[in-house]
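Consider the two complexes below, in which chain A is the common component and chain B and chain C are the respective partners.
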Partner chain A sequence: MLINVHRPSPVPDLDFKVPSGCGLTGLISQKGELLPGDAIYRSLCSMEERGNGLGAGYAAYGIYPDFAANRAFHLMCDTEDARRAAEAVLRRDCTIRHDEPIPTSPVKALKNIPVLWRYFLDIKPEAVERVGGGATEPDAVVRLVMEINRKVDGAFVFSSGRNMGIFKGVGNPEEIGEFFRIPAYRANVWIGHNRFPTNSVSWWGGAHPFGLLDWSLVHNGEISSYGTNRRYLESYGYWCTLQTDTEVMAYLFDLLVRRHGLDFDLAAQVMAAPFWTRIEREEDPEARRLSSALRAVYGGALVSGPFAVLVSDGKSLVGLNDRIKLRPLVAARKGSVSYIASEEAAIRCICPDPEALWMPDAGVPTVVTVEA
Partner chain B sequence: MTTRAPAPARPGPAAVVIDATGLHYRVLNERIHAAVAAGARSIVLEGVCGQRYIGDGLEGDLAIEVRGVPGSDLGAFMRGPRIDVRANAQDGVGNTMSDGLVAVHGDAGDIPGHSMRGGRVYIRGDAGYRVGIHMKAYGDEFPVVIVGGTVRDFVGEYMAGGLLVVLGLPGGHGRPPGRANDAGRLLGDFAGTGMHGGAILVRGAVDPRCVGREVAIDPAGPADLAALGRFLPEFCAAFGLDAAPVMAGPFQRLSPRSNRPYGALYAY
Partner chain C sequence: MARTRVAPDFAVRRDTARCINCKACVRLCANGVHVWDEVAGAPVADESKCVGCHFCEEHCPTRALSIERAPAETTSGGHWTRSAIRGIGRQAETGGILLGAMGNDRPQMAYFDRLVLNAAQVTNPSIDPLREPMELKTFIGSRPDRIEIARGAGGRPRLGAPLPPLLEIETPIMFSAMSYGSISLNACRSLAGAAGEIGTCWNTGEGGLHPDLESCADRAIVQVASGRFGVTPEYLARAAAIEIKVGQGAKPGIGGHLPGGKVTEDVSRTRRIPVGSDAISPAPHHDIYSIEDLKQLIFALKEATRYSKPVGVKIAAVHNVASIAIGIVHAGADFIAIDGIRGGTGAAPSVIRDHVGIPIELALASVDQRLREEGLRHRVSIIAAGGIRSSADVLKAIALGADAVYIATAALVALGCHVCRTCYLGKCNWGIATQDPALTRRLNPEVGQTRAANLLRAWSHEIKEMLGGMGVNAIESVRGNRDHLRGVGLSQVELDLLGIKHAGSPW
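After this line comes the complex of A and B, so read on.
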């Protein structure tokens, strides 16, 4: 099989290095109210010190009400030719309802800006049938995204959900936020990321959030099990093409939660598995058996190394730390709006007086869900 | 042992007030340094929200009151001043500090007292993970961290010297909802992992399963109670608490079984 021959041009980061870590922030309205993008923008920009200008991004849910029933694909392409090649693959499997450039504003500081295009589309029933084996529409979407990202040189689908979108690139949170006009969107779930790349290259596709279907995920840390996780995911048809360790966690959530039906607590037990010493101490034999079984069955999905992640599927906002808490995470709530961020100040600058504010336990997910 | 008298907790009428609202941390810290250079001995910072490195490297007789949540590494490398935070603090309070006092009137994040060499860090509420990681004492330098509420995993990790105290008092808000009164969780897991000097005094019961293998648990002895007698009254005064019931204990002492726990780890 071909693999994508695209070579992202890395930005040398030696001159940028600062002793810092990535910044994460997210907010959700449990009542489904649309929150202006200005809030996430200010929260993320308040953590300027956590990034170094080599990546920032936002994910927003509820932003495409006019096309709520269609898939919204966001593509980044090196050239117009690459976009046309990707579009040919889309036309094979999809009915395109509408397409347009992703609206942007000029920001002088940004370089190597790719062609950015969004498609509102429906997967053709025959494309779903072609996947076979009782496949569903989301399975066909995953296959299509993987095909474009692997095989169409210089074209990447970086957002493929419904009524949601990911916006990201190489720049700081102000630049990327202004470029994509983030303050003008309104969404009921937002996540944002300010990047300080350590072990992976800086390019537009490598910025966070990472997404697939309705998932979006941002990460602070380093995934030292990347190789193991990547091979494990390949056996389920997920191909990592974006040259950043975080990509595996977005696909692991899709595999564990959507395909295997685990809830967020169980998925967290897989990815941030409790130590055997803690499992042995567990007094309830059923809980002990479950924890042991999850570790045995899902060894390839254990994520080692330091991490704090925020993940959303549009219905929930979830924060999760590695099991020994090597990256910061703070959560808060006021009324129907909940917040999770790397720093308390990133919450306080948009919500000065939360009703509750706390630090989640390591390896235990903080799950906030929109009321049905 | 350094026992310099702390500056007054409440700034007097001569306090210099700096409005930190919207200021970048570099600008704010330059203004603080300029005020100190101009002779200020008492500074109030209004509208603080996330500015890092406040009080870093400052020396001598100086009181700073922080209104709002300061950013990470508050009071790092500090030698002498007193900082009162009238809110929660983020990560790394008192990082490598060598003298003075930081009093956090709310909760603190992870690694308060990281690599501390001397002085005191007092936290009224709860503190996060790795409190006092790699604290060390030498000669007259003796760092002290006192947490009024609870701490999470890895308290006193790689601790080489000084005193860590966990009081388990109510009033902290740092723990997740529903887990605030988790009985027996004063310390989290892996307490004292890699510890090879100093002592952790805990007011309340200690579950031996939550303590690193290299750590012994004993009832506090007369020397421990004497150390508490030296620092707890100052802690209680900083937060307006009655010292007598806090002093009553009972206290457990966590101390290293060996001063070289990993001496044979990589020696085959």
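After this line comes the complex of A and C, so read on.
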């Protein structure tokens, strides 16, 4: 069955994006407690009108304790043949410890369901060596994911972290939540997304969250700098293949935080850079020099256009708005659990009496980190 | 000399009912078109000398004059154009090379006119530049691919290693190279002053730095060209950046020649050559016969200035421009200025101006793409030049991949130039392309500065409006962002070379 009728190939034709509007929600336990999936499910479903039934998804951290040391790859494939082709590439570079279909429950409303499979695996040392140039295991994973997504027709790796997983598809939050049995998982960081694409492309890979390595990211907005960001990322070996502008933000976090060693505050200063008028007002010359250098060096990573994003690497949950806050984002805290969402209602429906609730400023990241 | 048989280009119409015989036109025209006829008691015109600069027309106190295009004299209009026939006529008379000035004017070269820009609707709100900040600040120079962070007291982040020297400009538009000599000191003063006023750069060309312009040197890109005119340690030390001129869009592959008549005492001091001697810039630099030689010159200039300022290279856009650019980056250049086939000049053989080189749009697109493929894009800034006429051209060039643009003809038009394209005559009635003191004093440098600065202000405002319309609030988000461009009426080959889609294609 050919399900992915909208996804053109070969790769050079994939360079278009689908703008969208959306609802976001996320929660984190700073003590590392495992929170039932029921909470994120209810929070996300409360923002029904922020989506149009054409995409929803969840990311969960801490869900694979039995395979915590292995990479968990989630693949979606147009056909069984495509899955086998992708698996051959995986076997070349990885030792597969266990693999199985991603457990699902039948949901009548869902259409065009791809083959969904998860692999628990380790990258072979020789695959890391092959990348060369002092590459590390994550570099080899990035290369492997990019290779499958670009070159194996009809196969996509949509989750490639450790002890975490992304679950997403074309449907509304209830349908996708039920389908992937989200309420049954327990995780210490959750993020969820309800999608309103303004285009009828209904490809499962285009739903959020987007993931690479341990990163997962959900996004509400449209990235006007997409063409600049995409071409900037290409020179660092990231190829945008998922037809959604959101993809560039996930890769930008990987580049800036993992590879370039910026912390979330500095990465936010790159992506939602402070205006020059503010930099010029900064009294500390060291801080002014740094802000100015970040803008001079990372102009290609500045993200323009309205956005609110939630991103996690399993250790932190980060919320970030664009430079002039053109999309909503609310944060709250109660005890050791923190919440960030598009709407206050999405928080209050699972945490009616937060100890603190606030609206993060434009361009200022809200960073909540699991205590060591 | 026998009277030319080539028919005049222009017809001088004088409304005798309006003319008051004040002789202003006779006094004003440096080309000697208007002559007082004692017998008739009225001015008459020798139209063969008219270059079409419209100075008399604009200065006639009773508006009695109008300069019109002389009617076409051939029945053929397609292949045997008027200019082809006239050119042959002139060459039959002189046996010489036809000279031209300013830039190639053939419309088929203007890809900018077949590119359109995008705007935001609904899913992405447009931004009102009157309410929200809209940023045009631009850096020119080489950048590291990442920032080194060090941690200070209390874990506060600070810059771990200083960045290489960068030129900081407040708008991505700079004045291109025009030497003192090719243009008047008042024209140089106007542009240098405007660059300082706006916070951008001007370029000395190969004319050296006149003492009167030293106060503007902190905003000057100084040229080191094949004649090495005016190059001294102080010249290099005072500049904001240094540009090695290898080529020019109006005359790729050939040198320059400032006739001795323009080498006045003042020009001679600035260029450091004898009064009245021809200033010849050879076609190649005679110490650059390969890319290694270029590298030596780049580093000699960096050594001479203790690595304190960007050193770049200006080349004409030619067929192999992308590979040449890669070589220039490897040779250590911090910026590359690419001058397309529409680039202007004070004088060039018309045949070269009109037929050698490629349009800047195609050159720019291919250089930007190749540098990215080679992972070198951050190492160098690209300055696009050659026929930029409006803020739309600027923004389209930036979307194709330029960091900034150079303008020259547009800047001179702001000073009064009417693009009569006879700069090489040295008789510019507008006081721009001349060293005749009677003419240069017609250009008031304070007025010139205001007009040139106004042009930059106006274009910057327009760029901000276009950015806001796209839902972008910083110029860097449009840089190389070809998604914001679409082509109209272009072939697939052209679209592919430009890296854009045809209008009507979605994202």
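FYI, the second predicted complex is superposed on the first by the 348 of 372 C-alpha atoms of A that agree within 3 Å, B and C clash if a C-alpha of one lies under 4 Å from a C-alpha of the other, contacts with A are read in each partner's own complex, and residues count from 1 in each chain.
The rule is simple: a contact is a pair of C-beta atoms (placed from the backbone, for glycine too) under 8 Å apart; a residue touches a chain by one contact, two chains touch by 3 or more.
Keep in mind that this is a model prediction, so the values were computed, not measured.
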item: Partner chain(s) touched by A:Asp99 [first = chain B, second = chain C, both, neither]; value: neither
item: Touched partner set for A:His260, first chain B, second chain C, both or neither; value: second
item: Touching partner for A:Glu343 - first (chain B), second (chain C), both, neither; value: first
item: Contacts of A:Val297 with chain B and chain C, given as first, second, both or neither; value: second
item: Which superposed partner A:Glu137 touches (first chain B, second chain C, both, neither); value: neither
item: First (chain B), second (chain C), both or neither touched by A:Ile324; value: both
item: Contacts of A:Pro360 with chain B and chain C, given as first, second, both or neither; value: first
item: First, second, both or neither for A:Arg289, with chain B first and chain C second; value: second
item: Footprint overlap on chain A, where chain B in one structure and chain C in the other make contact; value: 324
item: Chain B partner contacts - residues on chain A that touch it in the complex; value: 46-49, 278, 281, 324-325, 328, 330-331, 343-346, 348-349, 356-362, 364, 366
item: Complex interface listing, chain C residues touching chain A; value: 120, 122-125, 127, 132-133, 135, 137, 139, 143-147, 149, 152, 156-159, 163, 166, 372-373, 375, 377-378, 470-474, 476-484, 506-507
item: Chain A residues touching chain C - in the complex, by the definition given at the top; value: 16-21, 198-199, 221-222, 224-228, 231-232, 234-235, 259-263, 265-266, 273, 275-277, 286-287, 289-290, 293-300, 302-306, 323-324, 326
item: Chain A-facing residues of chain B, complex; value: 24-25, 49-50, 52, 68-69, 71-72, 88, 90-91, 107, 109-110, 128-130, 152-154, 173-177, 179, 189-190, 209
